[in-house]
Structures are given as C-alpha cells and as structure tokens.
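Both of the next two complexes hold subunit A, though its partner changes from subunit B to subunit C.
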Partner chain A sequence: MVSISKRRTPNRSRFGDLTNILVLIGFAAFMALPLVFAVNNAFKPLEELFQFPPRFLVRNPTLDNVRDLFALMNASWVPFTRYMFNTVFITLIGTVFHIIVASMAAYVLAKHQFPGKNLFFNIVIMALMFSPHVTAIPNYLIMSRLGWVDTYNALVVPAIAAPLGVFLMKQFMEQIPVSLLESARIDGANEFIVFFRVAMPLVKPAWLTLLIFSFQGLWNLDGGTFVYSEELKTLPTALQQIVATGFSRAGAASAIALFMMIVPLVVFIISQNNVIETMSTSGIKE
Partner chain B sequence: MQIEQISTKEEKKQAQFLPILKRKLSLLGSEMKKNKLSYLFLAPFGIIFFTFYLLPVIISVFFSFTYYNVLESPQFIGWQNYLNLFLSDDLFLQSIKVTFLFAFITGPISYFASFFFAWFINELPRRIRAVLVVIFYAPSLSGQVFVVWSIIFSGDQYGYINGFLMEIGIISEPIQWFNNPEFIMPTLMIVILWTSIGAGFLAFVAGLQTLDQSLFEAGYVEGIKNRWQELWFITLPQMKPQLLFGAIMTITQSFAIHDVIVPLAGFPTTDYAAHTVVSHLVDYGTIRFEMGYASAIATILFIVMVGSNVIIQKLLGKVGT
Partner chain C sequence: MQQLTKQKGQPFRKRRKGLTLRQQKARLGYFFISPFLLGFLLLFLTPIIQSFIYSLSDLTVTSSGYELNYVGFSNFNRVIRVDPNFTPALLQTVIQLISMVPVILIFSFFAATLINAKFKGRGFARSIFFLPVILTSGIILAMENSDLILSSAQVMAEEDMQNTSMQMMQFLQFRRLLFAINLPPFIVNFLVAAVDQIYDVVIASGVQILIFLAGLQSIPVTLYEASTIDGATAWENFWKITFPMTSPLIIVNAVYSVINTFTNPDNEMMSSIHYTIFSQSNFGVGSAMAWVYLAAVAIILAIMSVVLIKLVSRYQH
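Coming up: the complex of A and B.
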C-alpha cells in the first residue's frame, strides 16, 4: 500500500492546517514556558534565585543545587538508596498489578453479560467522586484493623484497585468488536487466553496510558500517613523532609522538583511513542 | 365487604410474592453460577475496591450523621450536620458559590481544550505529534511545579506579569494577583487550566489511535465535505466511551479544586474569595477535627457531582446526531 501520509488527506484545507498549527504553537508556549522556567531554576545559583527582578533564564548555570541535594541525601538517617528502592519497588509492583487487575475487571464489565454488572460499574464511577480528604480516616481505620499500618501493603494494595483504571480500560474494551473475541473462542481459546492474547493487544494504547497514570501516582506517593518507619518511607516523603528544614534549602528544593519529574517524564515519553506507533498497525477493525 | 376483599387480595399477593421471590433468587443463583468465570475476573479488583474505596465512603457517609472528633467515638446526631451547613454556615454557602464558579468556567474550557488539542495534534506527522503530546501533558505530570506561577504572578513590581504590564503602561501600580479578591479567581483559573490538561486529554489521544479507519474512507465516499463534518459524524460517535471518561474526570477535578490554591493564595484565601467546598471540608476535617461535619460536606459535594454526571451523560447522548 502506498504510504497514506504522503497522499493529501481528503477533507483538509491548507488554510485549516495552518490555523491548526498556529493555535497549537500558541498554546504549547503557554504550557511549556512555566516548565522551562522551573527547569532553569534548578540550575540557578542561590543569588540568582533570589534576584530581583527575577530573570527568566539562568545566567551562570551551576550544579550547586544538585550537589547540595546529594550532600543532604547522604546526611539522611537511613541510606538514601533505601527511599529510592521503596519508591521504585512500590511503583513497579503497583503499576504491573494495577494494569492486570483493572483490565481483567474492565474486560468482563465491557464484554460479558452477568447480573449486577451495571450496578457494579456505576459504583466504581461514583467512587471517583467522593472526596479523598474525608475517606482518609476510615481508610486508616481499615488499615489498622488489617494490621497493615507501617507495611508496604498499605501503600501498594489500594493502588492496585484504583477505580480510574477500570473506568479507563472498560471504555476502551467496549470498542472491541465481539466477533474478534468470538472467533478466538471458536478456535478453542479459553477466556484467559482471549483476554491476554486478543483483547489486551487491541487496547494497547489504553493500557499504555493507564501505565502513565499509575506510574505517576505511585512515584509521587507520599505514604506519610500509613508508614512511619524510616526504612519504609518513600522518596517524596524523604524529599519533603529535606525541604521542610528551611529557607536555605530553596536551591535543593528546585533541584528536587526537577528530579521528581524526570523519571515519570521519561516513562511518559517512551509510552507515548508506543501509543502513537500502534496507530497504523492496530486500529480496531472487524 | 370491600375491605375484606382487599385484604384477601393482599394476602394472595403476599402468598404469591414469596415463591416468586424464591424463584427469582434461585434464577439469579443459577445465573450467577453460569457466569462464574466473569465473577472470577472481577474478584481481585472487586475485593480490594470494596475494602479500600467503597467501605471508606460508606463509613464517611455514616460519620456525616454523627459528631465525631476522631479522639472520641462518634455520637449519632441525625441530620444536624446538614441542617447546620445550610442554615447557619454562611461560609459554606459562599464556598458553594466559589466552587460552582470554578467548575462551570474551568470545567468546560478544560474539557473542550483537551479534546481539541488531542484532535489537532492527531492531524500532524508522527514525530511532532509525540513532542506536542508531551508538552501539553507535562504540566499534569509535573506535580508541584505549578508553584512557579507564584513567581510569574508575584504581587510586587518584580513579578513577571506586573513588570510587563507596568512597562507597557497598562497599569501604574502592581496588582496583588493572589491576594486581591477582585483578581484572585481569574488568576487562579489560569493556573488551574494550565494544570488541567490531564487524564481526559491522554484518553482522547489514545482514543484517536484506535478509531476504525475504514469508516473514514466510507465517509469520503458518502460526501463528508470538511474536517468539521468528519469530526461530528465519524470521529465523535466512535469516541463516545472516551468522551464520557473525559467528562467524568473533568467533573471530579473541577468540583474538587483546592490543592492548587493553597501554595499560591494561602489558606484560607483573602476574604475567603477563593474558598471552595473542598477548602471548607479540609478546614473542618484536618484542622478542626470535626470529621462528622467534614463528612457531611463531602456527601453533599458527592451528590452534586453525581447529579452533574447524569446531566453530562444525557448531553453526550446527543453527540453525532
């Protein structure tokens, strides 16, 4: 097949394409400038951070802030790698299980018929609307009843069943044509195989997106309320402790903000490339 | 005579009712047995969801009918919290006003912006597309970075916006963007919109990747004339699941605005000019430890969100017609 992108698409005018690009450039600048500013801040020496009037771009870039941050990290009570390990560990385990568990539930909610399914799904959506500020206390009561306070369980297990995941996956699973699933069943595949081999590949853009949401949430998870042993604290908690020590840490604080952002950003870029890549190969078709 | 007849009818109904119920239950039971596999798929999520999401909500709704200060066990006081909220808490009524203002302005703008950005981006070559998706989503990804807006909108003459406006002569004195009740709402809305291109946007981007391309080909043949017709008649109807997802995410976000406000405008804000329902709830829940009262606020907010959800779903039903 001749590459479609070379051919001029029907229903598109040059004028429309141009407006489209101009609008996007304008808003992209609005979105990006504050971030550019934040990145610059991380490399500003202390006197430039408190300079008036503030300059947008850094003049004498320095790695002092980063060095300062590492010095503070080394002075912490437990080795800093421990906080790092905790966050990486709960992020990986939580994200993998969340995607599998949420997708399995979403699959039957979208493609099976059984009593109670609509009620269940409506409850899942409504759970998104109740303020987490209020449920924090009942949540703590439940955790302590289970004996999970101050364990990894308290951080990982709730993340596995975040309602957002089921909602997102179900919306995409609905678009899968039943005929594709039926033909796999006729070929003798059991439901687990149909789910893993047929349904999941078809909704790859969806779970790549869910991967971002889950990764982002767990990476920034401050488990402070459920976990109090120093060995179990997460990276955001430890970093907050550093920032809380005072004004003189302003440089380190801006380095922290940047540092916390880099890892999810890299994961995001990789997964987005995959989302966009899948288009030509696996648009859902009968 | 008549009464007797009615009562025998009632009895008859009751006599019929039990076996019918039994039959229905056994039908349901066999139906459930037949769908064992479906429940098996649902179980891991269902169990964790019930324990850590549903149960806390149920307990909170129960707390809303009690006086509960976290230290002593809750005391049942009926509708008292709700009565107090509507009859003697002026600040609550003010917070409802602020919340609706935020929700009705930032909600729709952010929803439409998310969709149109995703749609425009989808028209571009692949490399550029990937870069733009990252730029638009980066603010949501960046956690606390929105705090840089406090420097941009700084209230003295050295703030970027003030400095710029004074230099070109629009204003002669610096504006206290985050402290002046006149400017606080619009300024916060700009920052909120900046952070709001989030879950919905990504779902739209992914949704546009899974469209059935053959329908577009059919559309060209059928005489779809321009990109707007294509959008309304072909793209949107296929995107309904994602549109619904985006709408509900927007509702939950725009009615729950609070966390963005605190680092920028303080807590509470000047004259409570940007005091939202969630701010009110946090005030009572985590500062005054009146969990019963805070739970009542959360329950009311919850009902408002569920209501708007119903309205939005009705509106979305009209898409593509």
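Coming up: the complex of A and C.
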C-alpha cells in the first residue's frame, strides 16, 4: 500500500515537473529582487545607503533605521499612531464595504433580470477606461459641494463605489449554477440569505482576491488632494513627508517602506491560505 | 409556462393589487444595486459627464471659480486635425498596447496555472508573484523613483550598456535569425517587442495572475478526479476542463489589461493629457483629448470582446 501512495501521479513526466520548477524559479527570482532589496535597505547603516555604486546586500546590518524612525515618530506634530490609525481605519472600512457593495451589485447584474441592466454594466466598463486626470477637477468640485473635503468620506466613499470590483465579481457570480440559488429560495430563504449564505461562499476565491486589491489600493492611498488636516492624513502621506525631508531621513524612509510592503503581503498570504476549493457544482445532478 | 401566460388574461389583471413577479424582481435588483449605483453615479459618472461639458467649452479660471464658454467641437477639431503630436502619440500607444496585451494574458494564465498546482512552498511562490502588485502601487514606486543613488546608478548602467552595445547586438541577431526562417516581418517585430518588454509584462500581470488564480481555485476538484479516472492525461485535463472553466476570465482579464495599460500614467497619451491639463491649464483641450482617447480604447475593446467571446464560446460545452 505504501508503494501505491508514493507512486507518482500517472501521466506526469519528471522532465515536465523540472521545467515547471525552473521556469518558476526564474520568474520568482526576477520578481523577488525588489523585496530583497527593500529588506536589505531597511537594515543598511547610513553610510551603506549612500554608497556608490549601490550594493545590493547589506554588509553590517543595524537597527539604526528603525530607531531613527521611532525617534522621528515621537517628534512629529501629530502622534505617529494617528497616521497609522487613519490608514488602518480607512483600509478596513473601505475594503469591507467595497466587497459587500460591489458583490451585491454584481450579484443582481449576473443573476437577475431588470430593465437597464446591460446599459448599466456597459457604463461601468466605460467608467473604468476613463483617465483619472480628466476627472480630477470635477471630482474635487463634487467633493467640495458635498462638504466632504477634509473628511474621511472623501477617501473612503470613492473606494467603496469603485467600478472595478463590480466588473470582477460579476464574472464570478455568473458561474454560480442557478439551480443552487433556486433550491435555496424554494427552501424559504429570502434574497439576502441567498446572497450572503449561498452566493458569497461560492465565490470566496473571487472576493478574497477583491479583498487583496482593495486593501492594497487603500493601504497606499495618499489622500493628498482631499485631506489637509494633519490628523486626517494617511500613512503614505506621512511617508512622503519623511522622504521629502531629504538625505538625513533616508534610513527611516527605508525602514518604513519595508513596513508598507510587508503588511499587504501578510494580508495576501493569510487570504490565500483561506482559499479552499469551492463546491459550486457539488450537490447538483442534472 | 402556458398556464402562467393564460393567467395574465383580462379578468385576472384587474383583481391583482401588488406588483407583478417581474416588477418584484426588478425592484429587488434595483434594491441590491442601489448602494453601488448611488456612489457610482455621484462620484464616477458625474465627473465624466462634467468633463464632456468641459471638452465642449473654453474653461477660464476666475477669482470666484471658473467660467465656461461654449465653443462647440473646436477643441476636438484642434486635437484631431491641428495638433501634430496627437495622432502619432495615439497610434503609438495603441500599437504598444496591442502588442502587450496578448503577452500579458498568456504569461499570466501560464503563471496562474503553475502556482495553482500543489507543491511545497506554494504559498511562498504565490506571494512572490503577488509582489509586483505591491511594488508598482503608489508610494513605494514613488520612493524608488526618488532614490537618487539608484537612479544615478541606473544611468551609469545604461551608459555602460550603450558602450558595449552587447544587448543591441543580441537583439539584432535574434531578429536576423527570425527573418532567416522566413517569418513575416510583422510577427518578427511582435516577437522582438515582446522580448523587449518582458519586465513590463511581468510587472503588469500581477492582478491578472490573481484573477486567473481565483478562477482556477473555483474549479471543483471532482471534475479532475472523474476525468483522470476515465484515463485523461494532464494535457487533456487542461484543454477539456481548466481552459473551458476559466475562459470567461480571459475576457475579464483582457478588458482589465487593456484598461490598465491604457490608463497607465507612464504611457505617452496619459502624460500628454496630464501635461495639457495641469501644465498648460488647457482644460477644454485636455478633456477633448481624453474623450478621443476613450473612443479609441472603446473601439479596440469592443472589437477585442467580440473576437474573444466568439473564441471562448467555442470552448464552452
């Protein structure tokens, strides 16, 4: 029995596996380089940061940069934790509501019939193509007319209503078998229960992916044009302020850049570990 | 069904008080979509319509805000007929895009299939392929660009490369080799451009890989089990199960890639729009440029979707 379980899957050649692994390693090395560089930069002492030509790997690793960063945090106008709170708050609220709002819209676009549905979806696609420079000024005018300038609303609401999520979720919602939804309705579920308990679990890989995109976008959101009060600014804005002070802050900047990279990466790993194969077609006999 | 339609006859219609089933369903649809619709109309559609109004007018900034003078289509006329730089820039962007999107699609599908397989360190591999998404967004990119030491090192490296010109030679030989086997110039140029852009492609396919990956993860394992028991090879499994099940996502990813490449702030059209609006403060012309650009993208997108939908539907069932 042991020998059977150890046997390779039939029809898989060792050569094919090897090629796969080699190709993967090649691309992986290509893509991992910037992260390796950032990690190394964060632990470089100042004189190595300014070495020319720059060295890729750190020679004498030190925690000076992190200490610098903490010193800088304590000295800043607004407590540094405030920037942190702003970014975390905006990211959490924006991501959760974006997923719910976009999935609800995508659900009815994919699985319900109502007048104006196709027109609406086409407008969503068109809105995706529009260049953000052109809408920058009208956008600001609308925000100011709504009285949202210099509030969290200006940052969170556009992220919640972003069209990309609807576009993505609609495709996945379309693959849900209608018979599953119908059987839930026959069992007495109302439309909300059908949506939250049947449809959403079936497209879990999709909204976990959307979660990553949304998190990533909001985490890096620099509310520059909409938020002026120091206590509403986000972490990326604070980071830009640190970088803008020039060479003396290069160490602290490289430490915080690493932090900005690591958090989305951790979210990504956690969400990917939560993906299990869905069972969208199990339980259906045609 | 026939009975249902009979019930719609005259005597029944007058007695009914509430909404019809169809109206109920429509109401439910609007209800579900309303939170999104509200935000979308307010924050995305209104600015776009506003920009169309700008493109038809001459915008002057005054002390109390701005003034619009309706000038008809003269902004469009200026962009298309008068401006000597616009049409070449538009063409170049479009050509670059057309050469890039298929490569992105193929690469991301390939990468997604690979990292969907079960092997040790899969989580690690997936995170590495996710890195470009992190690295190319906002602040981190801005930091890398502002790194003085790095950029001067890059200039040095580029000079070195030009001095030795090894890189160029290799490409020339590659091209000659392709010509030698009698490939038409169109394909040769496409291949060379693809090789040239390999880093851009890898960087630009992070999101697409994830979308394909989500699609692959939605395929039930039982399908593979059943077909493998029936004696299908991995190759057959791929073409009979994986590809048909994920092919709708090819359209999604194609649309996404087109949009992403088109609205990439690095490309020539985007920077010239940005320049016209913010450096020359010529809002009307800038908006007109954006609308012409949008029309070009929309046409390409429409052609592409029709072709892809035909191709994909061939693989369905």
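The rule is simple: the second predicted complex is superposed on the first by the 262 of 286 C-alpha atoms of A that agree within 3 Å, B and C clash if a C-alpha of one lies under 4 Å from a C-alpha of the other, contacts with A are read in each partner's own complex, and residues count from 1 in each chain.
Assume a residue touches a chain if its C-beta (ideal position, glycine included) is under 8 Å from a C-beta of that chain, and two chains touch if they have at least 3 such contacts.
This one's a predicted model, so the numbers in the text were calculated from it and none came from an experiment.
Peer 1: Aligned on subunit A, subunit B and subunit C: do they clash or fit?
Peer 2: Overlaying the two structures gives a clash between subunit B and subunit C.
Peer 1: Thinking of the overlay built on chain A, is A:Phe56 touched by subunit B (first), by subunit C (second), by both, or by neither?
Peer 2: A:Phe56 sits against subunit B, while subunit C stays out of touch.
Peer 1: Just subunit B (first), just subunit C (second), both, or neither: which does A:Ala161 touch?
Peer 2: It touches subunit B and subunit C both.
Peer 1: Kindly classify A:Asp187 by the partners it touches after superposition: subunit B alone (first), subunit C alone (second), both, or neither?
Peer 2: A:Asp187 contacts neither subunit B nor subunit C.
Peer 1: Looking at A:Gly217 after the superposition, I want to know if it touches subunit B, subunit C, both of them or none. Which is it: first, second, both, neither?
Peer 2: second
Peer 1: Looking at A:Met31, would you say it contacts subunit B, subunit C, both, or neither? Reply first, second, both or neither.
Peer 2: A:Met31 contacts both subunit B and subunit C.
Peer 1: Just to be sure I read the superposition right, which of the two partners does A:Met126 touch: subunit B = first, subunit C = second, or both, or neither?
Peer 2: Both partners, subunit B and subunit C.
Peer 1: Is A:Glu231 in contact with subunit B, with subunit C, with both, or with neither (first, second, both, neither)?
Peer 2: It touches nothing on subunit B or subunit C.
Peer 1: Clash with subunit B: which of subunit C's stretches 5-13, 41-49 or 167-175?
Peer 2: Answer for the clashing stretch of subunit C: 41-49.
Peer 1: For subunit A, give the residues common to its interface with subunit B and its interface with subunit C.
Peer 2: Shared contact residues on subunit A (touching subunit B in one complex, subunit C in the other): 10-12, 20-21, 23-24, 27-28, 30-32, 34-35, 52-54, 101-102, 104-105, 107-109, 112-115, 117, 120, 123-131, 133-135, 137-139, 141-142, 157-158, 160-161, 163-164, 166-168, 171-172, 174-175, 191, 195, 203, 205-206, 208-209, 212-213, 216, 220, 257, 260-261, 264-265, 268-269, 272-273, 275, 277-279, 282.
Peer 1: Residues of subunit A touching subunit C in their complex?
Peer 2: Answer in residue numbers: 9-12, 20-21, 23-24, 27-28, 30-32, 34-35, 49-54, 101-102, 104-105, 107-109, 112-115, 117, 120, 123-139, 141-142, 146, 157-158, 160-161, 163-164, 166-168, 171-172, 174-175, 191, 195, 203, 205-206, 208-209, 212-213, 216-217, 220-222, 236, 239-240, 243, 253, 257, 260-261, 264-265, 268-269, 272-273, 275, 277-282.
Peer 1: Over in the complex, which subunit A residues touch subunit B? Could you list them?
Peer 2: 5, 10-13, 16-17, 20-21, 23-24, 27-28, 30-32, 34-35, 37-38, 41, 52-54, 56, 101-102, 104-105, 107-109, 112-115, 117, 120, 123-131, 133-135, 137-139, 141-142, 157-158, 160-161, 163-164, 166-168, 170-172, 174-175, 191, 195, 202-203, 205-206, 208-209, 212-213, 216, 220, 257, 260-261, 264-265, 268-269, 272-273, 275-279, 282-286
Peer 1: For the complex, give me every residue of subunit B touching subunit A.
Peer 2: 28, 31-32, 35, 37-39, 41-42, 44-46, 48-49, 51-57, 59-60, 63, 70, 113, 117, 120-121, 123-126, 129-130, 132-139, 141-149, 151-152, 154, 158, 160, 163, 194, 197, 199, 202-203, 205-207, 209-214, 219-220, 224-227, 229-230, 238, 241-242, 244-245, 248-249, 251-252, 255-256, 258, 278, 281-282, 285-286, 291, 294-295, 297-298, 301-302, 305-306, 309
Peer 1: Within their complex, state which residues of subunit C touch subunit A.
Peer 2: Within the complex, subunit C touches subunit A at residues 22, 25-26, 28-30, 32-33, 35-40, 42-48, 50-51, 54, 111, 114-115, 117, 119, 123, 125-135, 137-140, 142-144, 146, 149-150, 152-153, 156, 199, 202, 207, 210-211, 213-215, 217-223, 228, 233-234, 248-249, 251-252, 255-256, 258-259, 262-263, 270, 273-274, 277-278, 283, 286-287, 290, 293-294, 297-298, 301.
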